[in-house]
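Paired with chain B in one complex and with chain C in the other, chain A is shared by the two complexes that follow.
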Partner chain A sequence: MTALALPDKALATAVQKLPDNALAANRQAALARFLERGFPTTRLEDWKYTDLAAVADISQRWLENGAPVPSSASIGDRVAAIRAAIDIDWIVISNGAIADGMDLAGDDGLSVATFSELAHAPGFEHPLADLNAALLPDGLHIRVRAGTHHDRPLGLLIVDGADSQPGVAQARVCIELEEGSKAQFVEYHASIGEADHYANSIVELSLARGASADYVRIQGRDGHHTQTHRTTITLQDASTVRYSGFDLGGQLVRNDLDIDIAGKEANVVVAGLYIAGEGQHIDNHVRIDHRVGPARSEQEYRGILGGRCRCVWNGKAIVRPGADGTDAEQANHNLLLSERSEIDAKPELEIYADEVKCSHGTTVGQIDEAALFYLRSRGLDKQDAMRTLTRAFGASIVSHSPIAVLTDHLTEMVEGRLSELTDGGDE
Partner chain B sequence: MTTETENIESLVNRRYEHGFVTDIDSDSLPPGLDEDVVRAISARKEEPEFMLEWRLRAYRLWLEMREPTWAHVHYPPIDFNEISYFSAPKSDKDRPKSLDEVDPKLLETYDKLGIPLHERARLAGVAVDAVFDSVSVATTFKEKLSEAGVIFCSFSEAVKNHPELVQKYLGTVVPQRDNFYAALNSAVFSDGSFVYVPKGVRCPMELSTYFRINAANTGQFERTLIVADEGSHVSYLEGCTAPMRDENQLHAAVVELVALEGAEIKYSTVQNWYPGDENGKGGIFNFVTKRGDCRGANSKISWTQVETGSAITWKYPSCILRGDNSVGEFYSVAVANNFQQADTGTKMIHIGRNTRSTIVSKGISAGRAQNAYRGLVRVMPQARDARNHTQCDSLLIGKDCGAHTFPYMEIKNPSARVEHEATTSKISANQLFYCRQRGISEQGSLQGITHGICRRSAESAQRQPRRRRRLGTVNA
Partner chain C sequence: MLEIKDLKASTGDTPILNGLSLTVKAGEVHAIMGPNGSGKSTLAQVIAGHEDYVVTEGSVEYKGRDLLELAPEERAREGIFLGFQYPVEIPGVNNAYLLKAALNAKRKHHGVDEVDAFEFLKLAREKMALLGMDPKFLNRGVNEGFSGGEKKRNEILQLAMLEPELAILDETDSGLDIDALKAVAQGVNALRSPDRAIVLVTHYQRLLDYVEPDVVHVLSGGKILRSGDKSLALELEEKGYDWVREAANA
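Then we have the complex of A and B:
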């Protein structure tokens, strides 16, 4: 048994308690694999900087309590607030259960169904995917029919709450964009409640030939909740994805974004902003696998760190043999505002083809003294000047968010978070 | 076949020039490793008790350790009991008093390698220590150096003649438990070079060591320790070659550098161990731990390496920037072709205030080679105003090779400024066309562009004419 294993019997009992649907057999297979491997530990290269001990601890306490479905009295208010702030159609997954929005399926080329309805067995190839597949009550499957274009974004609200007892919830969404289709998605992670909570979610996005997706992920979990989230994106010929991720909340957050370029002339643009304050740990792992070429990928992540916190950014571009014509760019920039913040950045290139152009750049620094002086000489106090420059640092990621309707909300969220970070500064 | 391809072929197919075997009587231990072997090595070297105890502790630690697997290299498992851990030219028993008494075959070997051991050494102004298989066979210019107070001798002599210095500094930069190969080296190292430069002394000449593996089925485990006392300066060059053999041979060296306040050490390596043949058969497994400790304020350690040899390279010359205002530099050109695999880079650990580090790494991959840069820049919480700049470029020549970059940045102080840039590309048709239209041949264009990519690393070696010449052969 590894140090981060969960008790076999209690976990098996938790799996037994789940709804008896078409996923039952798949859960047992996933459970067996998870019990074999347990949570990934820091001895693994990919988990070197992120210790899931806290996640294992919450899971253990949740199992000891009989693995109840978590609940929070305020969860409805949280959902209502998000709906009011962002006026789009939402499908709500609340504490792992698909709670609302299944009626969105219409004649306009969008179909929504559960995994159990489709007898779709989610795959498991990673310990956290095993855990997800083992404990998943049901998943959500979205299909965008060939040739249809959807200009109104579809929202996926993954919301969790735990008021009195530790909670654990799984969510899984599979989105298929058929040939030539076009759609926009907003994935919003939120949580509420005083008790500890661990959310483990997976989103799988596949784009057929010529399909195009704009995708924004916003993570605004409560400051003492934890999350592991995995997104996989597969692109066929001439498909395009523009993806932005914003991490503003959570205590321990790990996001894996795994992009598989399986088609020629595919185009990937990824941007991300992480803002971490006191007590937060935010880890973003991005892996872009160029299996064929020509294709282009571009990613830029920015991080703002204040208080006692740690952020991890690991960007990897792989160019497989024969993927000629690949153009891959990575950039990661970090602003450290506090004596006690730490950034661990690792931009990796793994190149097995020669007709390629790949580059990466990473910087770690602080606010430019000259810029600060410039603003102060124009009458801004130090705090305002700091806030202005910090906001400008994060603004490029916000303004490049591919879904325009979100810009105001994102700007407000980012500025609110930055105010919390910079207000601690001295005159 | 196009002309460009032919040019690339000629670059890739360059023969290894140093693959001869010297037919010389050697005194070797049978293959295998246990405490008795460690004791036997120590006894043959007539070491004091503290050295034996140090070796045995390392051996016991090694038994508990696992071989690292994280590097981006693949090779069949090594059977550590098939290796002979000691091999010395027999003539060592009645050790030569001067170079005139050195076995002429040995001198001939170094002559073939172009090592200025004798008269040429004086002309070149380089003091040389040569390590043949496991033992140091000759150190030149000892008297002239000792006039300046510089100690430059084999490690064995240092253990005998300067035990207090060895005891004070050995293992303080690379402890026995540092890693699997460092522990192995600590247990069985047979010789190496020792340098001590006293306070305020600028070493009057460049120091140089040449390492040669000759005997079959032997590993080479040399250990180098360089201590630059306060305000001193020393420049050191090492080179290495080995015969062409079908089986792989292990080389697991440890180099420790200590720079006290205001001292400067410039350490340069021309690593040209046998890389294996064009089918990937044979070659040296080069698993080396090199680390420098800028222990005093205002000290500086600079590593320059030209890596062209070895079947597998696993090597990260590093700097611990402990002293305030200390400076670490790493300039590297790594060329890998055929089936060579290189996983090399550096670590810069910023501890003191106002420390600075520069990393310039150029990797060239050809044939079916895999060439990886792996680096760590760590800024500790107390390291105020640390600065690092890293530039890491890879060039791919041919469709079947690989170039990889694995940089780690761990920044724990907000006053740090750290920049990392990396690019990977092939020589573009535009670059070639530009050179060709100015009347340069395709071969010349290819060489010129490749040289341009390596220029900055090469420039740092300008005061080392022999290395420049070797860099020249990379593209010949």
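Then we have the complex of A and C:
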């Protein structure tokens, strides 16, 4: 198997076409790195279940067309619909361009700026970050000032897609929570358009001492679009992050969540729900690195799979030497509605310290027959009872999502997705 | 109302019911007693339509119809209610949701308007007060984290809400303290009417002190060995099940 590379010249031309701003030099360096390494391949342990050949193919065709900025006539409607459904302040990144919401920068302790304004050069330490840094028109930087508390969630809407030609779009957001600050964020990935599309995004979240963030990521891409997304979270002393991710769309989706516990008494709660139907592939890789202790992390992912699809969950907790007092829990539960669904679940613990408490549990199962009979014996028909039990399986993740204002919308999205799964002829 | 003839049923390769016959008329309360493993629970499950039990011979008629050809949900909508010996915990399904869905499934089947949220709440609160249940149970997962007694009360709450024509209560009295037992008995007695029939499957006669049966049957080895009035239950309590078995063999 050969490496998944992109044609050098065409890619260099695409980088050349980007807005000439403070990121230009950084792009060239990132481009050189990407050309050297290409996309990760299934020969790498971390990528063995997720083949990016389709992503490379879309990218190649996009380059052959002269790397146009993707455009879809329907994006405006999609944005309006999301704004109407979730009434919070939004910053919109549309096909890689920071389109709307920059006026949110106020004197209430929240600053918003572009990377180019700040001359902030995004780092690249991973092949997909190389590609992102090479092709990024501009990034979004958010700073929450020390000691300020923000009760109204800030929305980051990453929306992209193209109507006719294959499209590729990058997005990058950097969020800094200063000492003792507190804020809530909603990151919403949406795509639209008939053409094949590949979105590659990176979010970096850092929490200073005593800071606290509630964070919900919703991925509601169209069923034929692809995404790779990486989130890194760094926590200093006594900081807390509560993070929930919902994968409710997309054809090929890979999310990496990398959490670095660099401070004592840090607290991490991660939850995720992925729902996959016919033809979908959703991969969540979570890595929590306990560099120091005591600190606490827990993660629970749940998956509902119907039809011919594949999901991957890989949860890794690392406890470094000296990180005594670490408490790390991980759990992954899957409900398979079809014999053709496949889940590759892998919990991993790497422990190099003595005084630690670590646990993991993984389950894969079908609908509970005893519960099904119980509901039917009360008059619910079989289909209805199945749907009720399926919904119940994901309900705890939805109801524990840290941002209450989203609950109704999430419930609706999940229900919509589940009725497609249970009514769509999948068995 | 219920006419069971020569019923034979098995699970896997194991026969459990071996030619059981039973007639229950509207307005009657029957008690089915018997030692462990005699087939009491199997009988209850077969009537409710559990697919793990296969009927190999015999017939079950309910209100003049062949019951065995109906799916479990159709039996429920036609007025059969099984109170489970071990009520199932269903995390994530709200108790109120199940009660309302069950009630409306039945109403819809009979062409009656479905109840709305307000009507439902009013009704549910009324019944809960009657059973001495805290209304907060409505918003918990079905049986999730309930104690044994709470689960049984919850079964009786469903019974009270659904007002079935034929209620089969499978060891609803087992593991209850005296207060819970009285609450369960009260729920059952409130349901007694000339149009309804109740079958109490029980191991002990304790419940029968509070719910007086018209007929008592002794089940053993998958058959009814003896039937009589309520004095049979007292005799059983005194002499044990072996007495019936010996008498049958003699």
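Quick notes
We adopt the following convention: the second predicted complex is superposed on the first by the 421 of 427 C-alpha atoms of A that agree within 3 Å, B and C clash if a C-alpha of one lies under 4 Å from a C-alpha of the other, contacts with A are read in each partner's own complex, and residues count from 1 in each chain.
Criterion: a contact is a pair of C-beta atoms (placed from the backbone, for glycine too) under 8 Å apart; a residue touches a chain by one contact, two chains touch by 3 or more.
Remember, predicted model here, so these are calculated numbers, not experimental data.
Of the two partner chains placed by superposition, only chain B is touched by A:P321; chain C is not. Of the two partner chains placed by superposition, A:E36 touches none, neither chain B nor chain C. Look at A:E350: by the touch rule set out above, it reaches chain B but stays clear of chain C. Touch criterion met: A:C358 reaches chain B, while chain C stays clear of it. Legend: residue contacts after superposition of the two complexes on their common chain; A:E412 is shown touching neither chain B nor chain C.
By the document's definition of touching, of the two partners only chain B reaches A:L336; chain C does not. Of the two partner chains placed around the shared chain by superposition, neither chain B nor chain C is touched by A:D87.
Applying the stated contact rule after C-alpha superposition, one finds that A:D381 touches chain C and leaves chain B untouched.
Touched residues of chain A were counted for both chain B and chain C, and B has more of them. On the chain B side of its complex with chain A, the touching residues are 70, 72, 381, 394, 396-426. Within the complex formed with chain B, the residues of chain A that make contact are 45, 321-322, 334, 336-366.
Every residue of chain A that touches chain C in the complex is listed here, in rising order: 368, 370-371, 373-382, 384-385, 388-389, 391-396.
Chain C contributes residues 48-51, 71-73, 75-77, 82, 84, 87-88, 90-93, 97-98, 101-102, 105-106, 109, 141-142, 158, 162 to its touches with chain A in the complex.
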